[in-house]
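In what follows, a single structure is set out as structure tokens and then discussed.
Labels for the chains are A, B and C, by order of writing; each one numbers its residues from 1.
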């Protein structure tokens, strides 16, 4: 027995390929939408991966440092360092802000890392160009997505920083590129007010008779000094020695230091479950609608293709072709259309994914699920066409 | 198989029910012997199409008997369970338009029937090519239907009707789109094939050019057939 | 009829399907987790390293004089403005003496009175002495009684005592007057050394408390940079090392300097080590006090040893190391780090040898099973 579907496809190759291509673009959009969702989740995960921490220590009862603001004293790390089983600790600050470079500015997450020692948590784990920060001040490592180049001078608050290294895929949970600067500078950038505010604060303090007593010289200066301290960080990142249990150490810190502590899995729960939950649902909704639209279009295409062959089907029936064979013809075509569409869709999605401003992650598993879904949708969609074909009266082939 | 052509006795067909019922066939008797080509002539609405559809096992008659070869296929009800297989194996169809499958080439258009009947592809193709040779279109065996002339298409269609060696072939206005020379050629082929394969052929037509070629003609009017002798002009 | 010969339609089908499949396979293999990771590879080589330290500091002076009154009072006048250069001993301002001058005048009068009393006592003593001498002679001549002579001697002793009382009274009054004059002098605010007026924090008429600064002088000859270094790198920092100072106000012009001393006490809050860097030559015009300065201290060059870019160093499972490329396969090799230089190179004490191939940059996090392709420059890098 010859393949009727194959012969038909061969016969109307151009029409078939064009239809498949159009369907492919639609499938490509659907795959990309899944990729956007995966990309968002991945953004959250790379943020955690890149910080290479086992435990996040944050302000008590906050969901910091990513989902909520958190500030703790910058000497807390010392007491955490002394807990048995803790391998490394590092202060870290995160601040999402506009980073200026020349005429333009880029939204970036400025991350303050403890400069000096190599491989501390919070450091960018790998670079694609340049070098790590070596000076304790005024150097920056920026992500490629920010568009900064090595040697650029970038402006963060009142200081200018030289870009010395470039990373890739170091982004915040909302996809903003990260810019790493030394912790001291980052603390200043985060907690130090702008000059006007400082002047106004000084004047306000100076006019307060409680702080500016005639008989007590030096009191005003002391008060102003104490107002402009910035001994805070957003979180302390902790790495645990391999042979120790992360959970136990997290509980120890939580209990005895009276700080809130998150482990890697809890942090992921916060980022994925809370921070990007709404956006994820939004995209999921869109994905569902796209899938339904795709299914409807596939059904429509197959139905139209079948209606175009109604006369041939009548003849086939008249000369004794079995229903099975006719259903097979339609279903095989539908599946072939789906396969072409999927291949085209996968190719287009992969080709245009890097052009998107935010990360689009196409996972092989998603592609496989997508492929199965496409085939299932095609099979289901062809059922309507098959019903129409089976209703065709063989008598139609005979004249009146 | 003892081939006895086709015989119809008292075939009636009623459309609808009660007051609105219409009798399209009112007791048709007909008999065509193997190797014989008869004409079936009648005006529109005479019940010609209904008779053809009943003969082709596409619609069910209301009453009567139909005997195909030595098998009673209808006796106030279908006696054959698989009408599709019946149509495939026992009845050949040739239509007004050739209705070839556009996406199959000439060989496969003809070979499709034996393939549907379960024959291996090579055997089915061999059978088809033999027939194409007999019908003198072997040189177009690899062409697609759209590349053929009207006459060639019709010959391929006849080949398709014959390929399973059915005891009866129903030809519905097979010469309508053809000029008189080609029409007569088609009738000649049908006659040759009827003789060669011992097939009973019923040609439904109102083509004046070919009516004289039949030796026997059934007129159908208001659902009743009248038999008369034809001129039987020798086509040679 | 055995096989269908290849027809145009079949060819057309192949022409569409085959490139599509090839593209599909390419796409599937070149992106996603199956794709090889782009890396740049560098050969480890021996090279000398010039380590350096980088710190941030502010301009300060070694000497700062805060001049104010020692007693509370009202400021009478201030004779200098900010920016004036003054010599040692110059009058900067003066406090209102209030009644001090009148007290001095009274003291003068009292002194004069005491001097008159002294003169009177001297006269009495002279008279008493002459009387005593005369009666002594008369006694010798036996013209007077012994008793009378004794009386005259007694009178002389009293007169002498009164004379010494008067003398001491003058000394006392003079001392008191001196004290008042000294107090009066103390109301004058005088420059203790040559310097620049940096601050004038009160104007005439202001009442100031004891110890409150009225004028601040700075010593322009002893500018230095109070610089903070990250503690992790300060090993090897010592006095006498050459340094380069860049002032924020003119970043393109570095100044030469020298480490004067390392502060024995580090800043506990900022966790930084403090040091003082002096200028070889004080910049002109003078920089503002408190101006930000970047200081690079060059440590002595180290002998040549295996050196790698710091971007190659990774921490995996708690160990610092590098990805070594052996026959195209990746192998994580722990290393012991030596000294690092500011331009991003690190000496390796142990773990790799010159000639080893190591991964410097990688497009993704590497694992032992990563497939890699070596490139000169990673794709997608903006230039």
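Here is the rule we go by: contacts are C-beta pairs under 8 Å (C-beta built on N, C-alpha and C of every residue); 3 or more make two chains touch, one makes a residue touch a chain.
Chain labels with UniProt names: A = ABC transporter permease; B = ABC transporter ATP-binding protein; C = Efflux RND transporter periplasmic adaptor subunit.
Computed from a predicted model, the values in this text were never measured in an experiment.
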{"item": "Which two chains share the largest set of C-beta contact pairs", "value": "A-C"}
{"item": "Chain of greatest Cα-centre distance to chain A", "value": "B"}
{"item": "Computed distance of Cα centres, chain C from chain A, in Å", "value": "47"}
{"item": "Centroid distance [mean C-alpha coordinates] between chain B and chain A, Å", "value": "69"}
{"item": "Chain B and chain C: spacing of chain centres that average the CA atoms, whole Å", "value": "115"}
{"item": "Residues within chain B bordering two or more other chains", "value": "none"}
{"item": "Two or more partner chains touched - positions in chain A", "value": "10-11"}
{"item": "Partner chain B, residues of chain A touching it in the complex", "value": "1-2, 4, 7-8, 10-12, 311-312, 315-322, 325, 393-395, 397-400"}
{"item": "Residues of chain C touching chain A in the complex", "value": "9-10, 12-13, 16, 20-21, 23-24, 27-28, 31-34, 54-56, 207, 209, 211-213, 229-233, 269-270, 294, 309-311, 313-315, 317-318, 320, 337, 340-344, 346, 361-366, 377-378, 380-383"}
{"item": "Complex contacts: residues of chain A adjacent to chain C", "value": "9-11, 13, 17, 49, 52, 75, 87, 115-119, 125-132, 134-138, 144, 147-149, 164-166, 168-169, 184, 214-215, 217, 231, 239, 241-242, 340, 343-344, 346-347, 350-351, 353-354, 362-364, 367"}
{"item": "Residue numbers on chain B that touch chain A, as the complex places them", "value": "44, 49, 52-53, 56, 58-59, 84-89, 93, 95-96, 99, 101-104, 108, 112-113, 115-117, 121, 144, 160, 172-173"}
